[in-house]
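Listed below are the structures to be examined.
In what comes next, chain A is part of two complexes: it sits with chain B in the first one and with chain C in the second one.
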Partner chain A sequence: MSSVAQKRLLSEYKTLTNEPPEGITAGPVNEDDIFVWEALIQGPEGTPFEGGVFPAELKFPKDYPLAPPTMKFTCDMWHPNVYANGMVCISILHAPGDDPNHYEHASERWSPIQSVEKILISVMSMLAEPNDESPANVDAARMWRERREEYVGIVRANVRKGLGL
Partner chain B sequence: MDTTFEIPDPSDWLSTALPEIAPLESSLRCQVCKDFFDTPMMTSCSHTFCSLCIRKCLSSDGKCPACRSGDQASKLRQNWAVQEAVDAFTASRKTMMNMARRQSTQDTLNCPAEDEIQGRRGIKRKRDIGMSRDDEGADRRQTRSQSRRNPQHTSIPIGSGEPITIPDSEDSDYTPEPAMPRSSESTNTPDMLVPCPICGKRMKEEYVFSHLDNCTAPTDTHGALTTNTASMSRPTKNQPANTVARTLNSPRDLALQPIAQLNYSLLKDSAFRTKLSELGIPNWGPRQLLIRRHTEWVNIYNANCDSSRPRLKKDLLRELDVWERTQGGQSLRGTAGSNSDVSKKDFDKDVWRDKNKSQFESLVADARERAMKAKTSREALDKEKDGHDALDSRAVIADSQSPEEMEDTDAQRSPSYPENRNLNAHSAETSGLEQNHLSLMEETSQAEGDSIKKPPLLDLPHEPVADVEQTETSI
Partner chain C sequence: MSDVNIPQLVFLAVVGFLVVRWYLKPGSLADPSSSSSSGSRTASSRTGLRGEVPPQTMVRVERVAQMFPQLERRDILWDLQRHGGDVQGTIERVLSLGRLGTPPQSFQPIFPTPANASPAARPNASQPSKSAHPDLITRYNLSSKLSASSPSSGADSPAIAATSERPLSEIPTSSAAKEGWSSNKVERAQLLQRRREEMILAARRKMEEEGKGA
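On to the complex of A and B.
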């Protein structure tokens, strides 16, 4: 017998497998534990991330979908909205109750009707357009604003590193 | 359930000849659980979710998941039209899927010469499907009594023009009265008449509702049922069979009154636990868990009250048990306590070490310091053996002993520590003092009910820091 969260995650997994959005792959790491997923996100075209493939780990709470999962890049990621440890900080991953940064609109936050697919699409567009209003990585945000070339350089280097070049 | 449809999903349609069905199926699914609507309820903001899903969402943050406007569980209303659509769709899904799949394989073969034969085959196939559906229907009727509500298992005669019957009213504890044939049978009888749920008079299905309004049958036995049906305030039009089934089922429904949400802050612990045991659910665990369990139970129970096919309480309790194991008390048991992180599998010990480095260092320093003091005090003791110092300085020494020594003084007869024995034998004055120590330690060890080693460990650090200096000066 499985819980609501397990059923829902299985259903999302099946949808993602049958109908994968472009540039996104995701699924449970291990069949025994449906609450930990690995996702692969392609760098959006026309951005410094282009050509890269970025692995990330998604961890789901037991009361999913009432509470959002957490997402952590398992590769080097230099981005204003990604913490140094790889943790992604975007509004869709924040429950409506807590607003650590006091800038997010409630409408952008997590709600049970959101899904893994929507999270990954949001992250993909976050890669293309960083939100520097409330950066998770202040240094990256400043570099992105003031020394764009250097920022692009680091990102490109990470892309090459990720591909093993 | 059919193995090929273990997890039916809208995306199943994409590979068939009818990919257009995918969005249709998506629209018949709840956005929270992604499953077909189970007892769809409409919010004040006109969004529809499963009863249990929306109740859980509202109890967790009081907002509609779709538009985030505030709402209350008491304002939810059943959306029977959606239920009907879901039932009809799920009943025909398998057949449609098979046809759409076969069609797509035929399209790939694509032999124009066989068109005619295919056409004939198509007719035959339809007939086969019709037959197989009937067979399935018969099977279902036998097993339905113990089966839980399952969208896949509703049988509805499709396109027959007959009234739609939702036959889940036949539960194990329902035995049809001879005067009132089972509703599903009634649709199969040639006269197509339906019995009035109150007086049992058979009539055309469309007249039942006008008849119900002024049915003059004796209400002494069924009065409660009619009021119950009325109090449910469900829309009755377009839902003939369902309401009939509901009414037939009513004797059990009488118990199905929604439970009120409690004001937890006003409730004392013991009263709360009594309340839970009155409800028939577990009442162990800390208060926070009791609150979460009660909320969960209220959601499960009230969602069942909304349902047109209520389940038995033991099924609901099983559902609560699943919750208990996945999110409730039993899931917390393993990780309870302050060092829950440490026991985790993916615990990062390097991070932990770095984070608590200062604490570890101060602990190490403390331990070293204490060891040093113990050493110096022992030396002082040795000296004292020879010289006869004042009583108070010895008291200080006894106090500043390390825990191990304390225990040994306590044990006293330990031959491996001649020092202490000497000390005890040596000075008669100190023995009285040590008696005090002994009694003190006995007291604390009794109070703690713990190992004897603990009290001196806790007691020690108070005075020695200041007193050792005295001893040092005395040395």
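On to the complex of A and C.
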């Protein structure tokens, strides 16, 4: 079973290396353990995250791609759909049977035909457009809704801090 | 007819007794002689492994796991079960042997999933913890490359900035971007690292320039 997962992950790594999507760098932290990846995502332009680079860790289950990986930002990330510990909460990371919010369409959720690349692109668009329906970080969601300026301020500060400025 | 029935009844009674005993006193059957043919089956049914591991057993497993987080819960459970659930004994075996025995393939307990996979169970999840994460420059140890590649002063125009980036030995951005998949694991890792660094350094330079402009 694990060899299926390993083969799949290696081939995804290869695709991402040969055709890296704009603003995304991703690969295993150490190829000896191909189940742990690190990704860098650029903040989408025209959003408070613009100019930032956000590191995240992806952990794949042994039965990948049947089950989705988990994704956790390893930087300060103030966003309605990211838990304070960095864990990302979007539909593509949820298996079809596991819908805590009962609103996600099956097509948006994880399936073996999704990929790391699609996850990272989804997360990028999530940064641009938070999903207010299922806030993982309730405080950030409320701030995003009610005090947008303050929200943007925190995000901008995190962007600069992340780059060591 | 009645002659035939009596031995059958006796046989049934014996079998019934054995079955009841087997269910009620699982520990007593742990000796290898009685479970020679069905060792793994005995083991798995002892914990009710068709279902989840019962909570009181999980408490014991967790106590050992707390001390030795690197141990697999499956191995811990296996050891506990073979020794009558004695936590202390299991701990001592780990300490003295440095490991636990490997359970057979057929031993596949279903562990209850921790309930705190949901947001509500993360108590202090409201505020971002400050300074929990190092910035990317620190994290990837890029401070030296930063000073080498950053146009220290007077390089306001992007053209000059680009030329002064050359000290990175090759033409930046494009070098790693053009390279492709290597059959060598080390080269792949190096390429990935280079791309990461370029992405971070480019973002940092851009941000610095914006700061100057503002």
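The rule we apply is simple: the second predicted complex is superposed on the first by the 163 of 165 C-alpha atoms of A that agree within 3 Å, B and C clash if a C-alpha of one lies under 4 Å from a C-alpha of the other, contacts with A are read in each partner's own complex, and residues count from 1 in each chain.
Basically, a residue touches a chain if its C-beta (ideal position, glycine included) is under 8 Å from a C-beta of that chain, and two chains touch if they have at least 3 such contacts.
All values reported here derive from a predicted model rather than from experimental measurement.
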Partner chain(s) touched by A:Leu165 [first = chain B, second = chain C, both, neither]: second
Contacts of A:Leu120 with chain B and chain C, given as first, second, both or neither: neither
Touched partner set for A:Val155, first chain B, second chain C, both or neither: neither
Superposition-derived comparison: chain B or chain C, residues of chain A touched: C
Contacts of A:Val53 with chain B and chain C, given as first, second, both or neither: second
First (chain B), second (chain C), both or neither touched by A:Val88: neither
First, second, both or neither for A:Asn18, with chain B first and chain C second: both
Residues of chain A that lie at the interface with chain B and also at the interface with chain C: 14, 18
Interface residues, chain A side, partner chain C - complex: 13-14, 17-18, 20, 25, 27, 30-31, 38, 40, 42, 51-53, 55, 74-78, 83-85, 89, 100, 136-139, 159-165
Residues of chain A touching chain B in the complex: 1-8, 10-12, 14-15, 18-19, 62-63, 65-66, 95-97, 106-107, 111-113, 115
Residues of chain B that touch chain A when the two form their complex: 7, 9-12, 14-15, 31-35, 53, 56-57, 60-61, 63, 65-66, 68, 318, 322-323, 326-327, 331
Chain A-touching residues of chain C, taken from the complex the two chains share: 118-119, 122, 124-130, 132-133, 135-139, 143, 146, 177, 180-181, 185, 188-189, 191-192, 195-196, 199-200, 203-204, 206-208, 210-211
